[in-house]
Every structure is written in structure tokens, then in C-alpha cells.
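The two complexes that follow have chain A in common; it is paired with chain B in the first and with chain C in the second.
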Partner chain A sequence: MTAIQSPPPRQDRPRLRTDPSGSWRAWPLRDRILLGLCWAAGLFLIFVAAAITLYMAFKGIQFLRPNLLWTRPEAAIDQSKSGGFLDPMLGTLLIIVGALAIAAPLGIATAVWLTEYGKPTWLARMVESGVEVIAGTPAIVLALFGLAFFSQGGLGFLSTTGEGGAVFGRSLLICCTVLSLEALPMIVGATREGLMSTPRHVREASYALGKTRAATIHRVLLPTARPNIATGCALGMGRVAGDTAVVLLLGGGTLQLAANGSIPGLNTLQGTGSTLTTYVYANSPSGEGGAPEKAYAAAFLLLLLVLALNWAVDRIARGDGRLGWIR
Partner chain B sequence: MSWWSDRRVGPALGSAGVLVLLIIAGMAVYVTKEAWPSFSANGLAWFGSGGDANVQLAEIFRSAPPFEYTLRAWPLVYGTALAAGGAVVAGLVLSILAALYIVAFAPPSITRILEPVVRLLAGVPSVIYGLIGVLVLVPFVNDHLISTERKESVFYVIQLTGQSLLIATALLTIMIVPIMISIAVDALRSVPSSWTEGALALGANRMRVMWTIGLRASRPALVAGAVLALARALGEAIMLAMVSGGVIFSPNLLDGPTFFFEPIQPFAAAIVQGAEGITVKPFGSTLFAFAAVIMVSSVGLSITGSVVRRRLRKFAA
Partner chain C sequence: MDPLMPPPPIRRIVVDAPHVPVAPPEPLEAAVRARPRLATDAVERMRVEDLTIAYGPKVAVNGVTLPVHQGEVLALIGPSGCGKTTLLRSLNRLVELTPGAGRGGKIVLDGDDVDVIEVTDLRRRVSMVFQQPNPFPMSIFDNVAYALREQGSKRVKRSELMAPVRSALERAGLWDEVGDDLDRPALRMSGGQQQRLCIARALAANPEVLLLDEPCSALDPRSTAIIEELILQLREELAVVIVTHNLQQAYRIGDRVAFMYLGELVEYGLAADVFERPEHTRTAEYVSGAFG
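Let's look at the complex of A and B:
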């Protein structure tokens, strides 16, 4: 009676069975369902990517004929006479090179100024958000801005012009200028990342050797950041190569590269043209061409280009393999 | 030594930064200036509904010098909101699950595949998504998912061709999901391991740990990702122009499941559809007004997104 009674066995809630090895078999049902959904999401993404790549590869190999690569596109109802996509391929190359030639100096300069100088602070902060704003601006808005800006009379030397001094604001050069804005944020971002990850003592060692600030940037910091700059450029190139909206609105709408002006070389830039993306668009049911086979073939090439750029980014990021020299 | 002198380098580099700001200012000024006639002629009614936007646009295109600007752009606002909103909601679910999978549950071999896969999905040009949409998905939906009775049930309002809200939203989801995944993965990976290990030590299983601690700690990043993805979705033009048909239409929720098979026309797609006529004065001004709406909303969204992200960086443990 007086003895201390042992307490009655408590009615514990059934404990979650947690296995130290963390096997999902021991998890409660809701967690197992969530795990299943996670697997489904991951595999779904792989499935989508594989489906797109394989389907485009299948269609591309089915429809890509060598003569498509070196014949120029012609306006013809009969698809056997409408030619291939030599000009769009050249256009894509031209636009990648042109846009990068504008975006790389501007982007690298901006990034170096932001990380190495950054004074006055308010201005640096504004530039920083400015780059983010450009990154967030859709291509179609940039295209319309380019159209409005370059249609002004004084800038007629850059673009195709009509009779009586009408400036159309359309040329490959203008495409390059506007597309460089798309590549800019990626180059700025990647370069800044590289500069910020360079340790302080590297800079200090350079100053201690009597180098000026400019020489330090030129000789020490930019070479250190080279892989990052290369990554940024490759990403920017992918963005430029894949853009349709800008070239559709500002490229002038001719499938052939139509020179405009008298100076050889420059007149191609001043003229109109197309890229692989606008060629695909024009030959899809949405455009006028209605030649899906050619659209597939050109889209396959475009996808190969994107895959190659992706692979380059991957290789640079890992810093090994054949692109290792960039480090 | 003369040009590359130390004193000049700072200002020279700084001028590149100032140029970036000037470009943005120029963009705001030029787009707004061109869009102004359309907005000032309609007032706030521009965003309202009334009449048939297709007819209004045709009138604007045809109008002679006392220009006609009357437009009620509600169907376009609605179409943009439906496609972008739907894609962000679907993308949020998909990206959270996929990010959890990549961070916590995928075997290393699959993670090694998934990372390039996500980058590839982000890199595929929108015209390829559009091409697959219009040549593969649209015929499939038209042949197999829309029955003849369904077509007849809405025959007097709209012709169902397979170019639909469903396809637009699905493709848009695939296009915006990579950016959401990469932001979510970064956030989940930066959750302090002491938190997750503490929870594991208390007996929670790995799914509970990721769900209650990982996701909760990375909520700001998820919001930032969704906001940035929404900005992306608002501006997507080519793919939507290819798969959403050439008709401006407001899908009606009262139609039941047919709702998903009705076509939409977002702002960006409308610009692409009308690109040929942009030199016609009042019509061009209307297109610039569309662009101004996209510009203001997506710039606002991307600033919000980056502010949220910067907050996150500041308070990261």
C-alpha cells in the first residue's frame, strides 16, 4: 500500500519509426509520397530534355541535307527551289561576333569599375541595379526601344534607309547593338564574380611591387578572372544566338543578307538579313514559309550550337579538358 | 603611358557604368514617348474591357489621319496574366520538388545528369520550344484531346484549333523552371548544416528535415525565384506567338474544361503578331503601348526580385 507504485504504462503516441540509416521504407506515408513526387519531378525534367534533344536530332538528321548548308534562301513557293540556309548561318555568326564585340568591352569595364572602384557609392549601386534591370528587360521591349531609337533621322547611316531620307531603323548592325544589351548582364555578372573571388592579397602584392592600380587591373586581375569572363561570354553568346524577337523586328525581314551601302564589308552590317532563329520562325507554320522540314533542319543546327556553348561553359567551369588553356 | 594613365582609368571605366544607366533612361523615355498617343487617347479605359479587341486593332491599323486609337486591352491583360500566372504556379511546384530532389535525394549519378539538363532547358532558344509546340503539341492536342463535341460547343464564339492556353502554359512552365530551380538549389544548399543535422539528431527523417527546415529557411529565395520567373514569363514573345494563335480571346472559366483549350494572346505575342505593321503610325503606337506595359511590370518585378535576393544575402546565416 505504501509501497511506491510503479506508474501505469503511459499510452505513448506511436512514434515515427525512424531508422538510423534513413531508409525511406520506414518513413510515414506522406513523406514517402513526397519523395515519390521529388523523383517524379527530377525524372520528368530529364525526360523533357531528352525528348527535346532526341526529337530535334531525329528530325534534324532526317531533313538536314548538305546542300541546305551552302545554298542561299530564295523566295519561292516551290520548296524544292527555296534554297537552304547559308545566309542565316552567316547571319547568326555575324550577330554573335558583333554583339560580343560591343558587349564584352562594355561589360568588363562596368564590372571592373563596380568591383575595383565603385565610388561614388550611390552611383555604383545605381549601376548595379541598372545591370539587373537590363537583365530583367524582355528582348521584345529592347527590340522596340532599338527601333524607336535608331529610326531617328540622324542615325540613318547605321541602317537601311528608304527614299526621301526615311530611316527604317533596321539593319544587322542595329541587331548587334541591341543584342549586346542581352549579353551584357551575363558578362558583367561573371566578371564580377571572378574579380570578387580574387583574394585581396593578390592585389596588395601587386601594389607592393609598385604597380599602379591600372596596371594591377590589366596585368593581374583580368588574367585571373579570365575563365569567368569566358564563361560570361559563352553564356552571352548563347543568349544572342537564341534570340528571335530582336532579329525579327530589327533584322529587316529579308532571308538573304542584303548589303546596303557602298563600303564593302561594312555594307553587310548596314544591310538586312536573318539568323537561324528567324529562319526557323519564318519557315514554321507561324511564319509565311510553311516548310517545316527546313525549319527542323535549321533548328537542329541551332540546338547543336547551344549544346556546344553549354558544353564550353561546363568545361570552363570545371577548368579541365581541352578548354583548359583558358585558365 | 599617356592614355592608360592611372588617373584616367577610373573615370573611363566609370563612364561604361554610366552608359548602362543612360541606356535604361533612354529605353524608358523612347518607349513611353512612342506609346503615349495610345494611352492618352484611351485613358485608364485602355486596361478595361469592351468591344472586340481584334476589331479595334484592325480599325487602328486602317485608320486615316485623324487617327483612331480606341482600344480596350483587357483580353490581352487577362491572357498575359493567365499564361504567366499559371506557368509560375506550376513552375513553383515543379521547381521546389526538383530542387529538393537535386539537393537531398538524387543519387550522385543522377545529380550529375540533372545539372546540365537544367542548364540545357534554360539555354534552348524560345523559337525551338515554339517550333515543337506548333508542330508537335498543337496537332496532338487538336487531334486527341479536343473532341468534336467540344469544338461544336463553343463554335459560335471561337474556333478551337489546338493553339491553346494549355500548351502555352505548359511550354512557358518548362522555360521558366530552370531559373527557379537554380535559385532554389542555391538557397537549399546554403541552409546551415547545423540546423539540418540538429533536426536529424532529433529523429526527423530526411524528408521532414528538408520540408520543414530547408524549405522554410529558403522561403525568401523561393519568392525571389518566382518573381524573377514571372518577369521572364511576361516578356516571352516568340514561343507564345507561335503556339497561342492569332486571335485575341479571353478564355471563359464557365466553359469548364474547354477553358484550357481556348486560345489566348498575351501582350508580348501580340507585338510579334503585329510586327509587320509597326511602321503604321497609330498601330505602331499601340504596339509600343503593349511594350510599355511589359517594360514597367517586368522591370518592377526584377527589381523586387533582386531586392529580395540581396536581403537574403545580407541575412544569410
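Let's look at the complex of A and C:
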């Protein structure tokens, strides 16, 4: 048996790293240019975000008065008489809650069906493409479709109607319904991600205890995906809060929440109103242009709301040490 | 190979092979030495007859006939992909969840064909523990109680479930460690504790057969020893079937050993016979570490 020869010792000394932090200096020119561009892109985004936030904060704090928060808006040329934005604020909250109340159950159910059942396959593919199409449809197109759909005579109970039975297809309820389509893809996507990241053996462990698929979904899979569902909902809320086109077309165009119908509570949903976004639009120079200062104040409030939602998303997504399985 | 002549190398490798990862701690050694290696009075709980399982065109298990006895540990050994896990998963019909899986032959539990038993009922009677510890993302108590509750309903009160949950945790040797903190999230426990919780969960519904699919492969030697000891205690009350890649483990805790190769059952017998006096060349090669 021959002994295995070990290789001879190296004669050339390995190059030692001299300056770890400045190692890019030794890169080829092309790589250095690209590195510079990457830096520039990141810094540019920070600059834009900071510019928006600071400008809005500067303008907003300048014009935001506490009484704007609890006085109702009035249609008046004189700015001192045009009131605050209580109604748009309530409208925004109402629309967030309403759209989510429709989108969350629908989105979670869709995600569960797609991940856990998904048969027949062609139908699952169709549902997937359907969700993608909705996600890619511009808000204004959704709004136009909603207008056409809810102006049908038979759906008059949902919206404001004119004398003689004309259905206008405009109400906060219809806004919620159409806006729920904007939140839906995010909830479906996030829930699916949570369900799909649950290992197969965890599902099988539940089946192996004699549990049905329904019990497994209800007691094991949905609790596992809860952080993902919460993230999806928060992202959807951000979309809904920021939407202008749908509310502009379907909200009915009144600044105040104008109830319509006889059942208290429901009649607000059946009636018309505005949100912070449409309020900003109406008061900005591109709308009626009546009160740019109030538009700034409302825009600042909206920005705060969306930032708060983003912060919530971040907290939920990061989780407090979310526990996982040994892999 | 002459079956009458025990080849010394096999004996050496099985008993004091140099690559044994860690010497098992004292209690287990004592248990192995003390336990009777006989199975004449064992009750047959399950029987697999001419079982064939295929995933599409690929045959995973081919014509296997095998009894499962209460009071014994049956160890399924064989190289990767030999069909031992598929065989195990067919015993509680979990293999049906795999798309494209088809089955031929018969599996009997206490005289009843498993196909006529309601599948949820079958899986309560033939329980299973998996390779990776997989407690559900809920408290320790709820993990065990989940097995007891009717389809996961929360209607049964916690106080009513406390006694059976406690008994299951005691049988799995976990009560002393977690009994005072049952509300802790199960996923915060150590890997070994998680796997014992999975055993407790599997025991909660008082199964007749316990299936273990490489239950120690994700665990450290210390946790492995604890679980092996536990398995030896459990075999008095129920039939245990364990799939393992670890030959030392199969030898330590198996009363009977089934060696599978390419989907077929090559050899089945008492552990001492299979390891020390194998009848087939393939078995002798495998248990001596020549392949696999």
C-alpha cells in the first residue's frame, strides 16, 4: 500500500487583506460606478421620503388647528366659515373598517381555499389570475366598474336614489365594497404566504391525531398564519385609506356625511360623504381650490394615519420573536 | 453466508462500533440489559398483508406482509428510499394524503380492515410522531388537549381535560418539567421537550399502536436517550413501530426488526437474530455497515 503524499507547502505567501473597510477601492471601475449608483439610489429615496414628510409636517403643523378636528366642513367661499374636517376623518375611518370587514373574510377564505384545497387545478389557477387582475386594475377603473354595476335598478337599496327611482350608484357602502377589492389581493397574498410557510408535517401531525381538514385549518393553520393575516390587513388598510379615485366617483361628492334612509347607523353607510383624500383633493388647487391650508392640514393628518399603519405593519411583521419549528 | 456461524465483525460493529456517537447513559444500558428479548406471548394488534404502495408509477412498498405486536417495539430499518416510512405512514392511512399514492393489499387493525374504519377514528387508535418535533403554535396544555377535543372544539372545559392531559404528559415523562407552566407556548421548549410533547399528544387519545418516524433524528444524544427509554416503557401498554436510520438505536430498543430494501421486506425477526445471525446477505451487509 502506498502512503498518500501530502501536497508540498506553498511557496507564495497568500495576500493579506489590508484595509477591510476600503476594499472597494481595489474594484474595477465599472463595479465602482455601479456601487456608486446603488448608494445614490438609496440616498435619493431617503431624500424624497424626508422631503415629503418634512414638507407636509411643516405645512401641516402650520395650518392644523385642533378645532379643525371637531368641526364639520361647510361649503363656503369664505375660508373662515368653511369649517373643519370632522366628517372626512370619520369617513376615512368608516371606509377602512367597512372595506376590511368585507375584504378580510373574503381574502382569508380565498387564501385557505387556494392553499388547502385548490382543486380542480384549473379553477385554482383562474382564481389566482382573478386576484392578480384585481390587484393590477387601476383604482379609477374599479371605480367606473363599481359605478356601472351599482347603478343597476335592483341595487337601489345600497345607494342614493333620485326622484322617480333613478339609482345613482353612489354611497359610502358602495365605496367600501369597491375598496375592499383593493385590499383583497394583499390579504390573499399575505395569508397564502403564511399558510404555505407552515411545514407539511405540521398539517400531517394534526391529521395524524384524527382531525379533519376543517379542524386543522381552524385550530392549527389559521393561528399559525395570524401574523401574516394581520400584516395583509394592515397593508390593505393603508391602500384603502389612501385611495382617492373610488371615493371621488362613488362617495357622492358631499363633504359632510349625509345619511340616506331611515335605519340609524345603516343610513350613514347608505348615504354619501367624503374622506380625507377627497377633502384634500377638493380643497387643493386642482379641485375647487378653496382652502389649500386646510388641504395641507388634512393631508398631514392622512400622512400620519398611513405612517401609523405602516409602523403597525412593521411591528406585526417583525413580531415579538415569532416562534418556528425545527427544520 | 452460513447462518449458523455468527460472523464476529458484525457483532463488534453492532455492540461497540467505533462510530457510536455517544455512549448511551446508564439507565438505558440497564434497560437494554434487563428487558426480556422474547415475544412469544405478544398479542397481534395489526397485520399488513401483501401490501403494495405506489406513488404514480414508482412502487415504494412491494408485497410486504408483517405483523405488529403489542408489548414489543418493531423497528423498521433499511437504506434511504427503501419504503420504510411509506409503510409506516400506510398504517394510519396518512399515505393517502400524498397526491398520486395508490395502495394494494390489506392492513388489519384488531381484525378490522383499516379501510372500513372511519379514518379519523383509525388515526386516534394508530397515533403517530414525526421526524421533526412539530408542536402546534399554542400552549403546552392546548397541544395535548387538541388531541382529546372533538375535532378541535373548545367546548369542553379545561378542568375536565386536566386529568387526561396530565396523565399523557406523565406517560411522556414531561410532567415534572412542565407541569407548573402549562400555558407556556409549546414552541418555546427545547427540541427534546418538543418531541416528548408530540409523544404526549399522540398518547393522549389512548392509542393502541404508536408509530414513530425517526423520532430522534433531529435531537441531541441526551434527548435521544430519554426518548428511547420512554419508548421502552411505553411498549408494555401499546404496540410501537419505529422507523430508524440508526442501527444502534434499532438494536437498543427494537424487539423485532424488519429490514427493507428497495420496497421489499428482506428479513423480519427478533432483533438479536437479525443483527447477529442475519439470514440474508443483504441484511448482513447492511447491519455491518457495508452499504446504506
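We adopt the following convention: the second predicted complex is superposed on the first by the 293 of 327 C-alpha atoms of A that agree within 3 Å, B and C clash if a C-alpha of one lies under 4 Å from a C-alpha of the other, contacts with A are read in each partner's own complex, and residues count from 1 in each chain.
As a working rule, a residue touches a chain if its C-beta (ideal position, glycine included) is under 8 Å from a C-beta of that chain, and two chains touch if they have at least 3 such contacts.
Here the structure is a predicted model, which is why all the values come from computation and not from measurement.
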Should the pairing of chain B and chain C on chain A count as a clash or a fit in the superposition? fit
Please indicate which partner A:T212 is in contact with in the superposed arrangement: first for chain B, second for chain C, both, or neither. both
So in the superposed three-chain picture, is A:M89 touching just chain B, just chain C, both, or none of them (first/second/both/neither)? neither
Now for A:H201: first (chain B), second (chain C), both, or neither, which partner does it touch? second
For A:M186, using the defined touch cut-off, is the partner it touches chain B, chain C, both, or neither? Pick first, second, both or neither. neither
Quick one: classify A:L123 as touching chain B (first), chain C (second), both or neither. first
Once the shared chain is lined up, is A:A230 touching chain B (first), chain C (second), both, or neither of them? neither
Between chain B and chain C, point out the one touching more chain A residues. B
If you stack the two complexes on chain A, which partner ends up touching A:A312: first (chain B), second (chain C), both, or neither? neither
Just how close are chain B and chain C at their nearest CA atoms in the overlay, in Å? 10
Do any residues of chain A touch both chain B and chain C, and if so, which are they? 212, 214-215, 218
Chain A-facing residues of chain B, complex: 4-6, 9-10, 12-14, 16-21, 23-24, 26-27, 30-31, 33-34, 94, 97-98, 100-102, 105-106, 110, 113-114, 116-121, 123-128, 130-132, 134-136, 174, 177, 203-208, 211, 228, 231-232, 234-238, 241-242, 268, 271-272, 275, 278-279, 287-288, 291, 294-295, 298-299, 301-303, 305-306
Show which residues of chain A lie in contact with chain B when the two form their complex. 16, 18, 22, 24, 26-28, 31, 34-35, 37-42, 44-46, 48-49, 52-53, 55-56, 105-106, 109-110, 112-114, 116-117, 119, 123-124, 126-127, 129-142, 144-145, 147-149, 168, 181, 184, 212-215, 217-218, 238, 241-245, 248-249, 277, 280-281, 284-286, 292, 295-296, 299, 302-303, 306-307, 309-310, 313-314
Could you please specify the touching residues of chain C with respect to chain A in the complex? 92, 94, 97, 119-124, 127-128, 130-134, 136-138, 146-147, 151-152, 185, 187-188, 191, 194, 198, 201-202, 205, 218
For a test of understanding, state which residues of chain A touch chain C in their complex under the given definition. 199, 201-202, 204-212, 214-216, 218-220, 223-224, 323-327
